[in-house]
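Labels run A, B, C and D following the written order; every chain starts at residue 1.
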Amino acid sequence: MRRLQIAVIGYNQDKSSEKTNQIAYQVGTEIAKANAVLICGGLGGVMENACKGAKDHGGMTVGIIPQEESKFANKFCDVVIATGIGYARDFVVATSADGIIAVGGGVGTLIELCVGYMLKKILVTIPSSGGTAENFGGRYLDDRKRVFIQTSQDAHTAVKIISDYFGSQQES
Amino acid sequence: MRRLQIAVIGYNQDKSSEKTNQIAYQVGTEIAKANAVLICGGLGGVMENACKGAKDHGGMTVGIIPQEESKFANKFCDVVIATGIGYARDFVVATSADGIIAVGGGVGTLIELCVGYMLKKILVTIPSSGGTAENFGGRYLDDRKRVFIQTSQDAHTAVKIISDYFGSQQES
Amino acid sequence: MRRLQIAVIGYNQDKSSEKTNQIAYQVGTEIAKANAVLICGGLGGVMENACKGAKDHGGMTVGIIPQEESKFANKFCDVVIATGIGYARDFVVATSADGIIAVGGGVGTLIELCVGYMLKKILVTIPSSGGTAENFGGRYLDDRKRVFIQTSQDAHTAVKIISDYFGSQQES
Amino acid sequence: MRRLQIAVIGYNQDKSSEKTNQIAYQVGTEIAKANAVLICGGLGGVMENACKGAKDHGGMTVGIIPQEESKFANKFCDVVIATGIGYARDFVVATSADGIIAVGGGVGTLIELCVGYMLKKILVTIPSSGGTAENFGGRYLDDRKRVFIQTSQDAHTAVKIISDYFGSQQES
């Protein structure tokens, strides 16, 4: 049985606040504890802090980066997918995830949320982290109402919503 | 001097109403009259009606489709770009446009709007066409406020906003 | 009835010789005379000279570039598709073509030939132009023998092989 | 220090012989023993057998598939990257690899070899496995001679060529 793949999406380092980074770290920690694989865009800010949280707790991390050279990934990625397809890699992050957690984030994060929505992935945001997570949590993105974007107060619950949905594939 | 490339984004045929299709037809008409090239996702609904409007008025149309076979394009596309990259082709529609006009639309349209926003394209929606055009016009998409999404009452003004921005490359 | 889309693939400006550029110009000329749309990678060398040949003879040209900004296209492209997906755009050039003509070319050209081969496009090379056109014309690319790569002595015949295959969609 | 990522490329299940599958299994085994991460296209044939070899020996495997749904991956992939970009995912397999080993293979394998060549990755084929590995080993792919495609008699040596190049990042 393959491990769950949970994507963490959010700000790059240029916009992420200390508070948002801490939430990202906690999300990474909880993904590791749930024995899921952390998928992300592989760059800085929320992505890097989530990866660090996962690695500090024995997790596995995958960075799917826009560039065609692995060196652009943050150093906490176990596996680097160097797509070379630019920001269209946002699609690959979302399609590769079983569930998606948004922490802060700008319009790139919104794109990833939209792709997940289109594909009816389990979507959760942590509104206290700001940005896209705050502005687009607790709602639908279009009139078809394909999947409700859930909100969570904290990292533990956010991961639990996804792992509960897929059943108890982990023993933690 | 290359002609302006204006993208029309919006509903596929399964969601587009008669009214929305008429607005799309008018947008295509106005793009042709402005001597610009119409770019779109090449499928049905808003895309097909916009292409038809342009072709009925001597315009040039380009359909950038998700599939790798040209046969999936609507029959009003002069040129078909069969990307084969699935819905990640939304990125290509937006990056290839000098300006973007949203007519109705669901979450796919929102993705294209987001990509245009990220790249600071001129963005205009026609809110009376419903959907994404109604819900996301007249606002920013993230806290960076990269580009304000303008709104227009009608097709003529929507095209004029874009062609005026790029100066008088046409004689209409 | 949509016009035929013929791709011209080959060297970028850093490797293309004067002779190869002249052949590319002739291929572009013949595509225009056949009333087909010229598709190419939109950059320099073979791509630019083919586009120039087509434009000098009233043709239509489309450049499908790796970058996400149109400014990188050569100035003889009527339409620029700014894919932003890097050299994976080689796939889009080949999938968008009804037939493909190779003029010179290195490994990027070989990739485009391979994609066309995989999809059973009509493939023609002009061996006298050197490079991939010389080394991979007149053969199959794998043991499945999906489509034989034809060779041509000159630009006129190369275009004729493709347009004859698709019937007389033009009056020239 | 990130673990080496070695790509195994080759036939899908419809063309792969028993012998080729056995070689693929051995290559996967050796990649696991070298403590490298196995990267592949995630489908059947050479890809599946290489993954199985790695999993039987405690390795880690990543499948980068053309589809946008993970269910199309073979069951020996620890991580599935569901690109949704079709066969353009061949680029992602090659760009994500530090070194590439070809086992059998048709024109899709040749595309991956070409991308690796363009990016000057360490390339090794096992000619006895047939197909692209036989036909394109021990040569250059274009006149620029960017990187010589090495050949190997067996799986152990193929992996050793790559791991030796990157130094002793493993203790096996």
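Note that in this section a residue touches a chain if its C-beta (ideal position, glycine included) is under 8 Å from a C-beta of that chain, and two chains touch if they have at least 3 such contacts.
Quantities reported herein were computed from a predicted structural model and do not represent experimental measurements.
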{"item": "Furthest chain, CA centroid comparison against subunit B", "value": "D"}
{"item": "Higher-contact pair (C-beta pairs counted), B-D versus C-D", "value": "C-D"}
{"item": "Averaged-CA centre spacing for the pair subunit D and subunit C, given as whole angstrom", "value": "30"}
{"item": "Geometric centre distance via CA averages, subunit C-subunit B, whole Å", "value": "28"}
{"item": "CA centroid of subunit B to CA centroid of subunit D, Å", "value": "41"}
{"item": "Residues within subunit A bordering two or more other chains", "value": "68, 84-88, 91-92"}
{"item": "Residue ranges of subunit D in contact with subunit A within the complex", "value": "2-3, 5, 37, 60, 62, 64, 68-70, 75, 77-85, 88, 91-92, 95-96, 98, 119"}
{"item": "Touching residues on subunit C, where the partner in the complex is subunit D", "value": "15, 85-88, 91-92, 105-108, 110-111, 114-115, 117-118, 130-132, 135, 141-144, 146"}
{"item": "Subunit C residues within the subunit A interface of the complex", "value": "68, 84-88"}
